[in-house]
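Going in written order, the chains are labelled A, B, C and D, and every chain counts its residues from 1.
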Amino acid sequence: MPGSNFGTLFHISTFGESHGPALGVVIDGCPAGLALTEEDIIPYMNRRRPGQSQYTTARSESDTPEILSGTFNGVTTGAPIAILIRNTDQRSKDYSEIADIFRPGHADFTFFEKYGIRDYRGGGRSSARETAARVAAGAVAAKLLREFNIEAIAFTKSISDITVDDKFLDPMENRVRRDDVLKSPVFMPDSAAGERACAFLDKKREELDSTGGVVRIHVTGLPAGLGDTVFEKLDARLAGALMSIGAVKGVTIGDGFSVSLSTGSLDNDSFYADDDLNIHTTSNHGGGILGGMSTGGMIIAEAAFKPTPSIAKEQETVDKAGISRKISIKGRHDPTVVPRAVVVCECMVNLVIADALLTNATARLDNLHKIYRR
Amino acid sequence: MPGSNFGTLFHISTFGESHGPALGVVIDGCPAGLALTEEDIIPYMNRRRPGQSQYTTARSESDTPEILSGTFNGVTTGAPIAILIRNTDQRSKDYSEIADIFRPGHADFTFFEKYGIRDYRGGGRSSARETAARVAAGAVAAKLLREFNIEAIAFTKSISDITVDDKFLDPMENRVRRDDVLKSPVFMPDSAAGERACAFLDKKREELDSTGGVVRIHVTGLPAGLGDTVFEKLDARLAGALMSIGAVKGVTIGDGFSVSLSTGSLDNDSFYADDDLNIHTTSNHGGGILGGMSTGGMIIAEAAFKPTPSIAKEQETVDKAGISRKISIKGRHDPTVVPRAVVVCECMVNLVIADALLTNATARLDNLHKIYRR
Amino acid sequence: MPGSNFGTLFHISTFGESHGPALGVVIDGCPAGLALTEEDIIPYMNRRRPGQSQYTTARSESDTPEILSGTFNGVTTGAPIAILIRNTDQRSKDYSEIADIFRPGHADFTFFEKYGIRDYRGGGRSSARETAARVAAGAVAAKLLREFNIEAIAFTKSISDITVDDKFLDPMENRVRRDDVLKSPVFMPDSAAGERACAFLDKKREELDSTGGVVRIHVTGLPAGLGDTVFEKLDARLAGALMSIGAVKGVTIGDGFSVSLSTGSLDNDSFYADDDLNIHTTSNHGGGILGGMSTGGMIIAEAAFKPTPSIAKEQETVDKAGISRKISIKGRHDPTVVPRAVVVCECMVNLVIADALLTNATARLDNLHKIYRR
Amino acid sequence: MPGSNFGTLFHISTFGESHGPALGVVIDGCPAGLALTEEDIIPYMNRRRPGQSQYTTARSESDTPEILSGTFNGVTTGAPIAILIRNTDQRSKDYSEIADIFRPGHADFTFFEKYGIRDYRGGGRSSARETAARVAAGAVAAKLLREFNIEAIAFTKSISDITVDDKFLDPMENRVRRDDVLKSPVFMPDSAAGERACAFLDKKREELDSTGGVVRIHVTGLPAGLGDTVFEKLDARLAGALMSIGAVKGVTIGDGFSVSLSTGSLDNDSFYADDDLNIHTTSNHGGGILGGMSTGGMIIAEAAFKPTPSIAKEQETVDKAGISRKISIKGRHDPTVVPRAVVVCECMVNLVIADALLTNATARLDNLHKIYRR
């Protein structure tokens, strides 16, 4: 499947460059009968929109999504749902300086090597702006998941070494409130940590430098058994989805890399049955996934983001001809990509879970009998 | 695509349970004209075979692969390559004890929830034995990559907190020799660390417990530009592939989670041109991938494995009816899954790279002109 | 793959309803480096545009395609190419009459049964207007094929029992000129037959009735060996592609159904070598495809179209409640769908051939060596 | 998706050459909980087995399928179902005569052009023997469909111009009994026509020649709404599936090519409601499919087969070097492929319908609510 397609049954196809006329997505496979309007999408677009706080870029992107197809009287019809986001800030800038130069930490060089041509205006297809289409699609997935009381909440776990309080990381209980996340300029549920992070970011900006961080995602409400046993394990899909976001260099599920230091007797999550004989785990080192399938417990995933590669500090590089050049990236850039990436992570997780919900529907013959023998 | 299928053009479909008659894989999409016999596959099978050292299970699996199709006179024909591996150790054991019990840390519960039925003999489809088919396929991918001087080497980076010397982790130069890896009972290129790891594993076994570790993979020889810009980023594919291996809970590319603590000025890999005006990076924090595409530098990936869930220590759990049960897993189990997982990681990486090599072939019109206008 | 997606490497995802804001397509997988602007697409759009002659609907659709992404300075970049076609003729009509009634010969009933909801305005997603997106994509595929001197020409072979002269159907030589096709109001290369067809259509319209016909497609310039041996045979792909066009009820390759009456000694196309030792067939009963792969000869395919289901004549039907209703379809409808379907057939063939051209690129190891070892 | 893969959710991957060690198929996506043993498959294998009557080849193929995975205690587990069919008749023959010669009407030339290498023993991957794997998979699909009272019956409609009586072709009622089909040596439900066909085939054999014919398939029991609206229309999938069978040159649905001669008022199938207000059509020109989705009426499809290309009569051809050669195919060949192709057609239809049944499960939100909200 070509590279801008994602998902088996809840399938999306995205398009658009940073400085082209528009970005967008076609969602093919969303079940018919779901109430859906632009109002469901706009709050998600707003969360990734730059210029929301002083820690995100000042470029004004109104990012108004337009649903072009797939709904009728505000309800999905089963036809593909196309969502269009016009680029409104395309004033013709002078890109001659970066047209031939490969910016360190950016895809300029690798894109040019692959395709032999490069839309250098703002990074083209490799711009973070590409994620606007993911967010629009993820908002639709979220609406579908809400029908089944499934909800993903992403938040900033850390900016550099400033990390939210441990209580927000309890794997057995989701103590993260969406409201607390949204009111933080860096999307940390812990306001004290958030303040420290803001101060740190101010410092990085003054230093003409940038920093990284970690986004964490909690998913609650999943039935047990979503996912698959081999290549399409739920954690494999989540890892691929999160790693596909620009600047992510690491992905974990549950306890992540620390499991390598643990022991079987500590790491295994024991089972118990509640009074209704529903089975749960007594701990959640596994992050809600066992053997590639959901346990019914909270899903926990993390993604590590590298520092924003666009920095004002002068850097060494080369141009297309291989001539040494110095570059300092002009303009007002985010000292970290993390806050804007939070909603992107949440949306990628929504897409994976929605797809798993659909593909799981035919796992059992008795499910089919529920549908076809009424 | 159903869950036991993997790859776009170098496509595999695997099958087989731990205690069924056989496992195997069908590879569809391997180019015609590649020399291939069972001799190319056997060394890979041997590397994942249990009973290789005292740190891996004693079960005797001869794991002899049989090529059933797709080659003629020792050369691939373009037809699907089916590889069969008979299970030779299926003596009828008494599985009645675990037939109804959900082992902690295993897929017993989630598989049963998903499918409503479970082949409990040795874990069925969720057994690590499933990876034999991946290894057979990965060996074929390796043979293809060798045609282009591309090679992946996986090794044990750490067992619990025992880690190989830093020199083996230099991101700018692959100091890991395959011979050194293969002669270590735990597949560590650093013999001193390997000895400490063996002593640690002995101790864990005496404690009836287990431990985890980290596998690292280096890939050399890649041309720049393999991969894709959005969902099919090379790192996204690698992350999904590695996370799809049982017991993996974390995956990184390049500097991994430590990038979250870095700064843009430190983390960005600068470009320079060599005397032939070929462009390289002066450092390799990115692990050979930028914007989802290979830079031409060494690819570096890591996967964190949780401790073997099968431990002799008594554990709490429940049975299908929700009744509390105690379980201590009988038999001789590996105190860590890491050594046997090394070749599995290498093979999954081979599969991803081989697929990227093929899908990249049509990225540019001039590539097509090389093929179609002679 | 969900139902509005098509193609493996030259992959398209279409969207849009008859009376929604817009239709469009995202092409993912078109090689970088192809010159492409809206001017390449417009002539194709014009050919399917209604109101072109008195035998096609009067609805005014300007069908101006807008390329939203994937090109830079008039050349494809390897990024997805999104093409948008706004619906300009959406005056709010009174659809209350057909909102609850299932039109005979239309998808109203089956769509409602499948999805439980129906955008009844002009047929919604099941409208022939959906094919505008296919045509836009097929125009891009045609541009790609032209790079390799491959060209598909579709034309009307027959309207009811009025058929073009046999000379246009010679399987060994393509005697159909694009100019002759385009200047015919019914897209028949035979002007005499075209005139008879026009007279017949006038009569059908007077009778408030409609008629069917056959579209034939010739493809020249293909190298031998495109296609595949089993499920993705070139003829299988063509058959699926043509049958996916609304109103098609039969598809043939080469001599089609008449082969069932032939003998092996007559039907087998013998081989001979020309002076340059290039191998050809002495006849072309097979329509340029043998064992699912192109022979290098002219590809010949046909598609049979049923009469336009929208007729002014009164018909019996039922509404959603199962109540008997009479219906006579209002408005000015085409007495046959064939002329407008000609370009749609051509474009579907272009899409299949373009995809086969790309997927074939990795069939042989020596092809890969041409790309990766320079 | 590479060429030996088929299906979206009921996905199969086949392998095997005519004279290799084995053929087989991996079915990934069959729901768990279906009773399945080799006994379900054997009758289908027997129907395509050669040597069944004097009109099919004498080669002895026992074609015993072995289920290697995916079932436990005779029930599917949701894991991939691999079915192996060993080739038992691989005596080493002298193929030197055809090793370098391109047989007319066979894939020898095109396969060689595509892959640059050819397993010439018995046609290799392009042998009709490949269909054994399709039949094994189709038998499993049939077992699944039977759970929902859906049944496909294929039969020989005609051998050359000898056609079964019209009563067997009534589109409103399936008058074809499986028993009648199976007891005919040419699988015609009309014993009188069958006798004439046998006499005709004897004559063709005496003439060292061969003939073609038409296979027709009836599917009953389908719910309305299976299929899709655009590229994955049910008829498009059927057309692609049938055309992918070797020697098929034409495919129709319902009235097929004769619709091109009809009128809208005759061709449209009117709707009526029965006493329970279930909606049906009063006629069935459309062959049970409208707008790409099933109407709930009987599905009717036909496939036209060309004469067996292997004939004893001498033919002109060339060898690899382009040198003119004469060839008369040795051995005892079927004077027609039609009887053995009947079960192959039925099985391909089963695969398409089973896949449509699964993919349709998530078309509506209310279907999902039946599964996930208990």
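The rule is simple: a residue touches a chain if its C-beta (ideal position, glycine included) is under 8 Å from a C-beta of that chain, and two chains touch if they have at least 3 such contacts.
Small disclaimer: the values here were computed from a predicted structure and weren't measured.
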For this session: Specify the chain most distant from chain B by Cα centroid.
Result: C
Problem set entry | Which of A-B and A-D has more C-beta pairs touching across its chains | A-B
For this session: Please report how many Å separate the Cα centroid of chain A from that of chain C, as a whole number.
Result: 38
Problem set entry | Centre-of-Cα separation between chain B and chain A, whole angstrom | 26
Exercise. Where the centres are mean C-alpha positions, what is the separation of chain A from chain D, in Å?
Worked result: 44
Problem set entry | Contacts with two or more other chains, residues of chain A listed in rising order | 1-5, 8-9, 14, 29, 32-33, 76, 78-79, 114-116, 125, 223, 229, 363-364, 366
Exercise. Across the complex, what residues on chain B touch chain A?
Worked result: 1-6, 8, 14, 102, 104-111, 113-116, 125-126, 130, 158, 160-161, 204, 207, 209-214, 223-233, 235-244, 246, 248-257, 259-273, 277-279, 282, 285-287, 289-296, 304-311, 313, 315-318, 321-324, 360, 363-364, 366
Exercise. What residues of chain C sit close enough to touch chain A in their complex?
Worked result: 1-5, 9, 11, 13-17, 20-24, 26, 28-29, 32-33, 66, 68-70, 72, 75-82, 84, 114-119, 121, 124-125
Problem set entry | Residue numbers on chain A that touch chain D, as the complex places them | 8-9, 29, 31-34, 76, 78-79, 144, 147-148, 223, 229, 357-359, 361-373
